[in-house]
């Protein structure tokens, strides 16, 4: 059986396209997945040469509509600067395309809500990044927790930061910032593991008000560091720490504290390096190495293509993306006025149980997990 | 030269007296420090036997005033349940005694303020626990930061938790809780390293509403988990995570992120196990082992005795203790109403520089460190 | 029931007496074990003051016979320089005393054989150091191996070294050296775990021919580094690496490789820090923390006293000590002429099974473990 | 400038060709290095299909001479079972080809000596695997040692083992075994770092006499575990431990102990994961992460091609390969008769100093490093 190639149109041909997504596409092609890049677009005309070297002499445009509305595109891959994500994804959904949109799916909740609504009516799937729930290590941790291996979840921490990019001034302008760029991983990871959030507060700050970006000094106009507090069902509290403020760390990405044990994801949640599990009944730390050291954070594209070609629904949902965005935007608001806020949206978390497998019996009273 | 023994009166003869402080006193005596226990007090009459086995047949009372007002007591060691700390310390200061009071120094700010005021007029020193700033590892970290080894501090995290005591119902009643019992270490550590806090918010929760304590089921009436956000000068944000919710962890106690490196305290801040230092200019993690693996968290008593006998001022100040308490109490308030609060008190942080040593020049613009 | 104190006579009052064994004796006394030091001896007259400060004004002599032959001594503790161990232990056994002799029990096999023979006829127990088999971590590892948790043992490594003492010229003279001083731990550990050795070869060298010891330059006249190869039953090969050549390391003390897993002792075998266990069927490293971080390497003295007072046979046997010595002496010979040698002695290894517990069934064909 | 492609003929199309060397060749091609595979050979006819899928429809033969003598081959890549390495490499050199021969270069010293001689007269370079000296981490360690960062080298250990292949019966037949297959890495690493060996002894054993290989039970006819002792100049002793006996380990691959510090290679020497450095003057372990996590152990092929195209001499020399082989063969002999042996060959170790850089002055008296 020969599969007709799924045709990808790329909008935004910067560093994320040049490296990671190109590798992902080549990798799929090497594995025999029927996929091709048919169109590309970038506001910078010099990007055309980059595209040509990677995908041959395909139509290139400065206007995203040339991609989004093209008949020879099945999937629109949105890799632009953050503020453009929402409008392009909307146009693509309206045109009936499948959409993989890099994080955040939008920089305001209205646009994001519109995307979620559109995705219900559109022929196309909407896959908001990040795709951390596809990582084998993430899924192993999910199973451990939901099988009851650490008892009832009681508290959590997550961390993701670095020194921040030295390119892309928009990272430091409104609509940018480490929360949208980095913290979003932790937010999606935690809500995927613990379920929908109920309330949020935060402190945000600009610890380094001036930077040199793309060789030029600039004033930072977003937060560059944040601690976000999230309340889940069952009085479970988590904190997400993120910032363009960290040179290095030696801590787990995610720590989940339960009544009978602890589980910690090593590495970062965009690039897990295995996990550590403490169970009171074992009385030893168990170190599980990374099962897939080459798992790429661009794995959502493979997942989307497989769902399209296999006609199955993606594990990653627009509602989860929206929920994460609401948490982050309300965290930023709380960072400004110091007032905690209720989270209004909800979503159905993914399940990674094997067929017939169920939530551990002793967790069934847990209201989060009906 | 022969020193007249400094006479200690102990108020509260529970587990903390039986083990750690008894060891500390014996240790001092073995080292030839002139110190003796002359009086003790506990509401439980059976404690008298415990005292007798440790310190001989000294006067024992159920009423703390018998200790506090005694002529043959120089130092009152306050080791009772938390809510009694403040009143006893006050009475002891009023009687002109030196006071070491376990944490927290009081459970309300009014009493604590009164203690600070009293300590200014009293002949006696007031030493509020915890004594973490006396730890050699803590001081090594302080020096690293203030010598500029990680550049300008930008962000921080701290953690201290465990499953919680299975004894002492008051740990789970108003005036108890992990913030006063455990988080106080992190709060004192961070403010000692970063200076006075300006603002605080928090989420607090009761993740396990029922417990078995002293063999009996009880309803938990305090928070048993908390994440506290603290804003320092220069837009430095920290989070303190604490809870009677953690079985085990493998993370640093304290993480300080700077513009040129990271420093992390290993172990817990009541029992450090060395530190790790990343400096961009070195490009490697440097692992510094614990220099004093037997450093006891009761070290404040040794310090107090040495200050009394040597007639020098303690490094640990009532003002630092009050400042920590204000942070914790306002965190609890914020945990109730979701609203961040300004911190009104301030204090002069300890300095561990060698003589003539100064703050690293490139940190001098840092307003915290005038 | 009141126990008559067991009376200890100490021969050799250098650093090992001053610190570790004094602490051990005080510790026993604090625990209420009936034990007292009644006599001491050292060739250096100034040691008398040291003894007096620790144990009061007891008889002190320059001649070990004054201790060994005294009526008010039950246990002779031999802590002299290595070459004197054998003759003093012999005299003590001949006088019917119990003997704890520091390692090595003798520096030649003839003397050691005589000690073993004497111990069979003497009223006194002979306990040759080191006492590593008493460590809870050692015993936990022994159980893991003999319960079959790593399958059939196939190969092993052990390591113990440091920079070497800056005191005691005899460490660097014939009868000294790192094999007798340090490697002996590994040799006793491995034979305790794997059973009697059958053959040995080695390379030995003097990597630093000159040293400053006790403030004076000297020529090193023993090996200061060695790798010893040991063949056990069932074609199991082990290597012991030792030297006064190591500044620091970050490796396990002992590594045992089995057909279904690996077990590694952390720290050093004189001071274990827990162990790590890999089992293929678990697929994760399991980290077991040290159960008794304060376990002292002088623990043999406590064991000897308990055996005397409880009238039970010590776990540590003269035959095991002799076997270890034969391995070391033949390793030194092989180091000189490059020729492997058979080991002629044997011994019955200790067993740490709980009552009724037996060797794992799948190991029963293992001839070592009949 | 356009380079004419260097033409590779592959002899031996088993697992090592299918995976690692194919990736290496594709990687070079992706980087624009002018290289192509023009011929292949394997005794198994079904290998032709494998070759075709990777390199297109090139001439394929069962007879290695069809590759070795072909006019359209510049480089012969010898990837057969171990016993065939020597004869094929010889024929290739005689035909004037460049040769990369997998380890060991031969299974007897006579053949290996012939190869070394031939390589002096042949137009072709001879590159015996392994290529560990090309690893950036290896070179970093080399520089640390030779710049004097750990003082004078005093002693060393190395380890490389695993459970052994479940395919290829020849691994367990004469000419196979873990020493040739795995230990060779340690031998080449240590001699590269410490210089030529002077003497060797060993114990070798067959700890598991029966195995299932390629689905069939077989009797193991080589050693499956070995500890090899090596004496270097200046009384430096090292041990190499290897075996098809290890399920997992958590130890460094290589440990070098110096008079002022220790350096340890993490991971395995075929796949380093950075290194750890202790220096007494720093007083902390320094952890250097792997600079090139994707460094492939097949890197020798890239190096050979670059040397051919750039007309420079390879860093890897036939003499180093021969020296390593002499160590291993004499270790096997010593394993049989228990007698240490002199090593007769020598070689000039590689140098990784930057231009004008020299051996640390305080190491100059070190005779190894004239």
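Letters A, B, C and D mark the chains as written, and numbering starts fresh at 1 in each.
Heads up, the rule we're going with is that a residue touches a chain if its C-beta (ideal position, glycine included) is under 8 Å from a C-beta of that chain, and two chains touch if they have at least 3 such contacts.
Model, not experiment: these values are computed from the prediction.
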Each chain counted as touching chain B and chain D at once: none
Based on the averaged CA atom positions, which chain is farthest from chain B? D
Centroid spacing, where centroids are CA-atom means, of chain A and chain D in whole angstrom: 43
Taking each chain's centre as the mean of its CA atoms, chain A sits from chain B at a distance in Å of 40
By residue number and range, which residues of chain A touch two or more other chains? 285
Which word fits how the chains touch one another: line, ring, star, complete or other? ring
Which chain pairs touch, all of them: A-B, A-C, B-D, C-D
How about chain B: which of its residues touch chain A in the complex? 150, 152, 154-155, 157, 159, 161, 199, 201-209, 225-227, 229, 231, 234-239, 241, 243, 245-252, 255, 257-262, 264, 276, 278, 280, 285, 338-341
Okay, in this complex, where on chain A does chain C touch? 277, 282-289
